[in-house]
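Okay, so chain A shows up in both of these, paired with chain B first and chain C after.
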Partner chain A sequence: MDVFPYLVAGWVFLVGCYGLATSRNLIHAVGCLSVCQAGTYVLLLTVGYRDGATAPVFSDLKPGSRPVVDPVVQALTLTDVVVGATVTALLLALVVQISKRHGTVDPDELSELRG
Partner chain B sequence: MSRRVRLWLLAVGGAGLATLFVAAALDLPAFGGDRHPYGDRAVHASLARHTANVIASVNFDQRAFDTLGEMTILFAAVVGCVILLRQTRDEHRGRPAPETVARPVRRHALLLLPVALLTGLYVIAHGQLSPGGGFQGGVVAATSLHLLYLGADYRALERVRPVGLYETGDAIATSAYVVTGLAGLIGGTAFLANTVLPYGTFNTLSSGGTVPLLNAAVGMEVACAVVVLLARFLDQAVEIEEGNGK
Partner chain C sequence: MDASLPLLVAVPLLGAALLVAGGRLMPRLVAETVGCAVSAGTAALALVLLLNCSPPFLEWAGGWTPVDGQSVGIVLTGDGPGLGMAALASLLTLAALAYSWHYFDEPPRGHAGSFPALLLLFQGGMCGFAIAGDLFNAFVWFELMSVVAYALTGHRVEEARAVQGALTFAVVTSLGAYAMLMGIGLLYARTGQLGMHQIGRGLDAHGRPDALVLAAFVLVMTALLVKSASVPFHFWLPDAHAVAPTPVCMLLSGVMVELGVFGVWRVYGTVFSGPGGVPAPEFERALVVLGALTAVIGAVMCWYQRHIKRLLAYSTVAHTGLFLIGIGVLKPEADDGIALYVLGHAGVKAALFACTGILLDRYGSVDEHALYGRARELKGVAVLFVLGALGLAGLPPFGTALGKSVTEEAVGGPLTVLYVAASAVTAAAVLRVAARVFGGLGPRPEGGSGYETTGSGERPETRHRLSRIPDTMTAVPAVLLAGAVTVGVAPGFAKVVAHSVNETGSAGVFTSVHWTPAGVLLGLLSTLLAGALALLAVTRPKPFTALDRALWLRRLQSGHVGDYVAWVLVGTTVLGALTLPGMLGG
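Then we have the complex of A and B:
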């Protein structure tokens, strides 16, 4: 049971990869990339978890009175959530342009070059 | 590459990755264990610098240079979106007709707008004390403006949202982060080192040295970035029409 949370992270990542490879719609592919990213969040938070611990915020907690979860991985996850959202927006903007120029969002139909 | 070959390749690669990952996970420290050397040191450093929220301390003090990199990615992504979603030569702008909004929706949106905006600013301001900070508060503040789009209509939203101003704000906030970092150099230490300002009293708004300043810069950048992004996508959906009647 101890490795189960780690395995969930790997599973979420692989499901995202499967979606990326089999996708027939670029918007769907961008969504799958976000799923892959979510897998890494699960892994990070799993690494930082500690039994019986609370959030690493000491505004109403006496330092040393309780164990806290690992703040380093939480900080990594937090920054990446916002950065990931804007990068997703950039990819979706690319999809909008592709759809305008080529009239399709199916990656299999985008094989030929056009000037 | 045909679909069949691609699927086979994916199956082989995925199986390989899964095997390696499981092998690695079996060797990791047990889930929920008590050994977190980096976490313990981060908590210690954060308390030494009077920052109650250890995550804010990690982001804006111990790993401030890393956050500068992430801000740059965020800024670059927004610039990319603005360029990709601009109006091209064969498109023209239509005036969107006002839609009727159901009464309860309008009432709740307009009531909640100031509350949501204040909550966003509160979360940014208390980033070094309580859960939250520039990243989360910025998103809340930016989305609160868009309640106006739900409650009234697109033109009302455009009036409170001069996009050019928010684009400038985005750039200013990014620069403010770098300038705060340079202050460390002028003060005789390292770039982004938290030694310029006094650490203040623990658990008050002014505690943490430069953490609240960097936090505010990030809050402003994220808020402006989200407003600009949503504005560009809404433009595409509501205003811009293609020239050849598609």
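Then we have the complex of A and C:
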């Protein structure tokens, strides 16, 4: 198996982390978290990939006639997408509230909780 | 009996759905009573299952049992530790609902059921995580539990601090969860399995551990250590606890953080403990180093807080460190001790938060300095608060003392000193607060570094400031403290806990757990130390405030989400570095 997609997955995850750590805007930070999550999608789909295989839908396919990709990781990825949508929605809602209450979405200016 | 295992998750979820759907039509009292009834029912179910769980049972949801060792089904494990954590989570949810019953902040019109529904969802997530037998479902329950916890932390969306704390909590924990998913993906790539036992066997069949196993271990552990607030993954916890409503704090500190520790124990024990996983000395080194660091930093930071909720939050961090050391030494006795310690700690810590909630709702402040001498009239609450502090210090016969003494004996050596010191310092801080707030002892505290969250001028969580403390709010901490004592004194209770932990954890090595003279003496010693330290701090505050040696440590707690993310990455790297050497040589 080619190692390249795994490196891409790790790279995407780390890029997201870098963005989170240096972000100056909370909406951007939430986007970066989604980038991290995209790294997990890439990894999961890479794990299930098979050369020359088709989608694991057996409505018009005789079982055993062709190689298919691993449906388990696709199910995992779909679950992950659902989880991610929830988290992102909740985070963006929190950012909206932060913007209303603090009047800013710059994490550098949020200094009420410290020490 | 086996088939009722999924009900532990299904009942709270259905209860939450009912409350969400019918909350508009229900009057407030009905909605809250339904919430209490559902969580009590789940707690009863968990206890019944717990009493019948020997031998442990497995449940393949939907009958998807493995074929030729290959499984695609969802497996639930009903063993002593898992069901015990589920029962603890259910009981604490019931306590939190009872505490907030009728008096908690008026919900918006037509949303009477929203808060109990969220608590029930939280309970469902925690129960699911406790009994999850495969890693991906553990991740899903982890996320459910986390998302509900973010929502509950930011429940008072009108408060500027609440939304900030909730956002920090959400970003850091979600990042950890995605790291865990990466790790699960790697493990699936190696073994083609998702069940924890099946992954463990697959790793062993593959032979010696390699870089992939190390990476998977580090990634999965990152999420669990973020959840359990181990240093340097702990930064979200004080911020979240400072802003979360009191009933939520009781759950966060009492059981959710401990579920992270439980996850570390479960995942290492079933997935990575075989010859194809992470060697025992590496795991021990990593956890003992991180645990010791956590205990020390948690205790020091706890001492310097004046915001009472933050102080209690840091005390949770310190105790998490002790839990991590206990499970890190990989001895069956230490596992038993930690199980008892977690039970006792849940009761004591939840009771302390409940008392703090009373202060907040009556005086509109949780600042030690602003509250100086104001709570003299609350005699009953003062007694509960001091009892909680003594339980935290490990005064026999509290369950915390029994668990701590058993663990101390198992870990031995200099780590015993750490156990005594960390519990003494955290308890001393709580005693200091009690002396100043309820007793008005010592000179009026003043000053501070300026670099801190004070906790004054908070909005009470009840409709109005309380003029009379409702009975439910004092009964709940009293019952919780009684529970913490029962863990220590009920005859045979400790043996049952030890038996059920050993049955799962240590391959048939059964140990006996009981009070020992040395353990009692150590418990008394840490209580005395705590008392002396508190007395010194109250009567002679000058040397403590003038020499703020921990200022650099407090500056790390900047409230900036980017900093916390960077610390998570540092922690992941440290975890990898601590685990790496044996993998190279092995």
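Simple rule for what comes next: the second predicted complex is superposed on the first by the 111 of 115 C-alpha atoms of A that agree within 3 Å, B and C clash if a C-alpha of one lies under 4 Å from a C-alpha of the other, contacts with A are read in each partner's own complex, and residues count from 1 in each chain.
Simple rule for what comes next: contacts are C-beta pairs under 8 Å (C-beta built on N, C-alpha and C of every residue); 3 or more make two chains touch, one makes a residue touch a chain.
Predicted model, so just to flag it, every value in this text is computed and none were measured.
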| item | value |
| --- | --- |
| Contacts of A:His102 with chain B and chain C, given as first, second, both or neither | second |
| Touched partner set for A:Leu94, first chain B, second chain C, both or neither | both |
| Chain B versus chain C as contact partner of A:Ala29, first or second or both or neither | second |
| Touched partner set for A:Gly39, first chain B, second chain C, both or neither | second |
| Partner chain(s) touched by A:Phe58 [first = chain B, second = chain C, both, neither] | first |
| Contacts of A:Gln74 with chain B and chain C, given as first, second, both or neither | first |
| Partner chain(s) touched by A:Ser111 [first = chain B, second = chain C, both, neither] | second |
| Partner chain(s) touched by A:Val3 [first = chain B, second = chain C, both, neither] | first |
| Intersection of the chain A residues that touch chain B with those that touch chain C | 17, 21-22, 47, 72-73, 79-80, 83, 86-87, 90, 94, 97 |
| Chain C-facing residues of chain A, complex | 9, 13, 17, 20-23, 26, 29-30, 33, 36-37, 39-40, 43-44, 47, 72-73, 76, 79-80, 83, 86-87, 90-91, 94-95, 97-98, 101-102, 107-108, 110-115 |
| Chain A-touching residues of chain C, taken from the complex the two chains share | 72, 136, 140, 143, 147, 150-151, 154, 157-161, 163-168, 170-171, 174-175, 178-179, 181-182, 184-186, 188-189, 194, 238-239, 242-243, 304-305, 449, 451-453, 554-555, 557-563, 565-566, 569 |
| Chain B-touching residues of chain A, taken from the complex the two chains share | 2-7, 10, 14, 17-18, 21-22, 46-51, 55-59, 63, 67-75, 78-83, 86-87, 89-90, 92-94, 96-97, 100 |
| Complex contacts: residues of chain B adjacent to chain A | 3, 6-7, 10, 14, 17-18, 21-22, 25-26, 28, 30-34, 36, 38-39, 42-43, 46-47, 52-55, 57-59, 63, 66-67, 70, 73-74, 77-78, 80-81, 84-85, 129-131, 133, 135-136, 138-139, 203, 222, 225, 229, 232-233, 236, 242 |
